[in-house]
Amino acid sequence: MVSYLARTLVQLAITLVGIVTVVFFLMRAIPGDPALYMLGDFATEASVEALRARLGLDLPVYQQYLLFMQRALTGDLGQSVVTGQPALREILSALPWSLSLAVTGLMIAVALGVPLGILSAIRQGTWVDVTIMLVALIGISFPVFWVGLVAILLLSHQAGLFPALGAATGGGFFTQIHHLMLPALVLGLSVAAYIARLTRSAMLEVLGQDYIRVARAMGVRENRIFFRLALRNAFIPILAVIGVTFAWALGNAILVEVVFSRPGLGSTVLKAILARDYQLVQAGVLVLATGIVLVNLTLDILYGVIDPRMRTGS
Amino acid sequence: MDQAATDLRKTEDQRPGPGRTKPVLELRNLVTQLPGEDGPLTIVNDVSLKVLAGETLSVVGESGSGKTMTFLSAIGLVPKPGRVVAGEVLLDGADLLKLTPDEMRETRGTGISMVFQDPLTGLNPVFTIGEQIAEVLRAHGSVSRTEARETAIGLLERVHIPDPGRRVDDYPHQLSGGMRQRVLIAMAIALEPRVLIADEPTTALDVTVQAQVLELLAELRQDFGMAMVLITHDLGLVARHADRVAVMYGGRVVEYGSAEAVFEHTAHPYTVSLFESVPSLDAETSDDLRTIEGQPPDPASLPAGCAFEPRCFFGQGREECKTILPKRATASMADHRTACHFYAELDTKRSCA
Amino acid sequence: MSQIEAVSTQNASMRDPEAARRRRRAAIRRYTGHPAFVIGTLILAAMFIVAAGAQWIAPNSPVQTNMALILAEPSWTYPLGTDQFGRCVLSRLIHGAQISLQVGFWVVLISLTFGTLIGAVAGFVGGWMERIIVALIDTMLAFPGFLLALALVAAQGSSLTSVITAVAIAYTPRVATVMRSVVLTIRPRPFIEASRAIGLSSTRILLSHVIPNALPPVIVVATVSAATAILAEAGLSFLGLGVQPPTPTWGSVIADGQTVITNRPLISLAAGMCIAITVIGLNLLGDGLRDTLDPQMRRQTGAKML
């Protein structure tokens, strides 16, 4: 287990350095002069030069890279060109809004998707399975922002059940929860559809294994086979599914935040893109990617706990 | 048909040993089908077999001959969408096919149990072997955790796993292939079933381990007075372990009888071909190794006559073979049956050769 | 396995023309008898016809504004009414199919070509090469695909080409992971050993044995990534970062409709249906292909493609 943890941590360090590198080159992928791009068409020669110097763009590429890496690892992601605030602080202040949305959405998705996927697998080929899979297929095929619009139209405008827009940033806890519910539900439903499909195939995969047939040949009850023997095996792929969908949910949270006019990472990054505030975009992308890597790390450790083959080494 | 006849002749069975009169497991005219593109495919075709207490029945044949499917049918585990469409599976005289699904489940493990080919995939990787044995015990009665553990240790000891008190908490990946097959055998015999079906139990194992596992099976059969079915395509094993042999081809039993009868008075050309495809130690050159030309029959297009006819070295071209399905006939001695029109000629030919 | 086994598995039946014909018939029936495959194919064929014949099918110009006809109710000349600039909504949707299908097609082509190659090399060559590629892919996978596409489009400016490149770059690592895991299952198979034994070069084996054998899962991946690409493009367009106006795209029609959603919900609803129907078609086709082409690969695609 210790060596497994050590390996995972080394992997983490490599991936983090990789992320910083990718973001650095993403910056460099902008055709032309980033300083000019950031300042827009009306920039003066002097202001462009000043910005170039501040961003270190006058240095050779490898020096820029090392400087960028050094700063990134110490948490210095530059300043927002628009507000002048440290980019990292801007992003971190937006993070709780996105996290609460993504985590609530994911919880709804897991609570719906995993049981439905398991049910579908157990009842493979029956109308229960067909219905669940049809609904899930429709669920993954509608764009999430469109589902958000329709939800606002029906549940806010028509039924008046939820507030349509905003997050009640200044409101009390329960007002904020009330504002969170609809966007989280929209995000959760679309992710639930993915989770249901992937859980079903993970479960079917396990149910086709030899050891399930062995258990049947020894007279073990079907319920016992499904909910004890097969489920513990299916946990590992299901966890992997949840890990992948978490990244996906954060990506889609951008669209949900825009539709519901909620503050958060997504809307911050989008605003930054439109304002050509590239330092902020960069910081947002870095923070999101790091968050996803940390989630995957947690899952990797969980696999180790669940799967004895990793725990005891073989 | 000849069922009644063989019933009468049962008393004539002169083989020694106790309790050989009544079959523990008997298949009567079993038919299993899978839905195919053009109507159902018959995978198990009118199979009748008997296994007596304390005896080993070896079922041999190429892969696809229906031997595994026959016994999956017997324990009610035909993979969907296949199903048993006709026949009887009698365990101590009671027809298992008439049981409710839960009664059938209850019978598996206690009345009839099965060990499969691949021990590496047969154990659940995320449970200790003790937990997996306990799962079998719990399926057939309530047992406490400590009771189950003690029974599991006893069973591991019974299948000669060294240091069972420690091994009981091991996960499958910590055991070798041979050890895992022993664990699977321990699970299968945990409730002392009347019949143990071993489906190529040693194919996936090393040669040295193979012998040990088979010895273990023989020992358990003796001690428990179990009836055993050994599905295999290793004729060497058959010669060493079988009391009775059933040769399957194209979903049918083409020859059935005591090991002595089948080996000494082979009465079906397919069996002859099987024997000739085994390399013998005294074979001077590799030329002595004959292989069976051609393909096993396609269940989607079985011929009207004998399924083996296209590959038969012996009946080649005779009209009866092509058009008439051979009936089971009694060959050299009582309880030795063959499904060949010309088995009588075969016997002479073989002794001439 | 014993001799009996080995001998009987010779491919004698390959030479039997009757058996071959039967197998071919069975294969065709496997596809035509699979409702998901059939419906998916029909939907995509219909979408393709609509996109290809847009200029003849569309009742009006998709870009012609008409300030006298703002937010018109559905009528015979404007079956889905007009938007806030007086443009025919149906015509915009019909022409919008062109952008979505183009994005789907090119993203699949680009990400499959590179993803397949990268994944195949990683899985087949192994060693340090594989480690580096896997580390790179893992890094790329840490970025949500949509966010990566968003950032790339922001960097490159909004045009059809940059949308296609951005989405393709974002999803290539996902194709590469699938491809690598498929190749890892192919690598130990006997025919690869045999090819090495008779002295074929690695490149030769990769191109003529590994990749062709990995094609069934790759085809399934293609349909899944086309669906993802179309959804990503719609998202970018919705945010105003996709192909720029006045070119009609489904995502931008939804965005235009959003501002008038309370009194003209039909505009956004219809555009969303267009996206959903196309994506459902692709997903059905993907599910159908997955079931019919190679039942073993079920677990390899899917999760990694999000």
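Side notes on the structure shown:
Order of writing sets the labels: A, B and C. Residues in every chain begin at 1.
Rule of thumb we're sticking to: a contact is a pair of C-beta atoms (placed from the backbone, for glycine too) under 8 Å apart; a residue touches a chain by one contact, two chains touch by 3 or more.
For clarity, every value in this text was computed on a predicted model and none was experimentally measured.
Innermost chain of the displayed assembly, by C-alpha centre distance to the whole-protein C-alpha centre, is C.
Top-ranked chain pair, ordered by C-beta pairs in contact, is A-C. In whole angstrom, the spacing between the mean C-alpha positions of chain A and chain C is 22. Separation between the centroids of chain A and chain B, computed from CA atoms only, is 53 Å. Rounded to whole angstrom units, the spacing between the C-alpha centres of chain B and chain C is 49. Among all residues of chain A, none touch two or more other chains.
Against chain C, the residues of chain A that register as touching in their complex are 11, 14-15, 18-19, 21-22, 26-27, 29-31, 137-138, 140-146, 149-150, 152-153, 157, 194, 197-198, 201-202, 204-205, 237, 240-241, 244-245, 247-248, 250-252, 254-255, 258-259, 269-270, 273-274, 281, 285, 288-290, 292-293, 296.
For chain B in complex with chain A, the residues that touch the partner chain are 75, 77, 80, 105-110, 113-114, 116, 118, 121-128, 135-136, 138-140, 171, 173-174, 184, 187-188, 190. Within the complex, the chain A residues that touch chain B are 125, 209-211, 213-222, 224, 228-229, 232-233, 306-309, 312, 314.
Only residues 135-136, 138-148, 150-152, 154-157, 227, 231, 234-235, 238-241, 251, 254, 258, 261-262, 265, 268-269, 271-272, 275-276, 279-280, 283-284, 287, 298-299, 302-304, 306 of chain C touch chain A when the two sit together in their complex.
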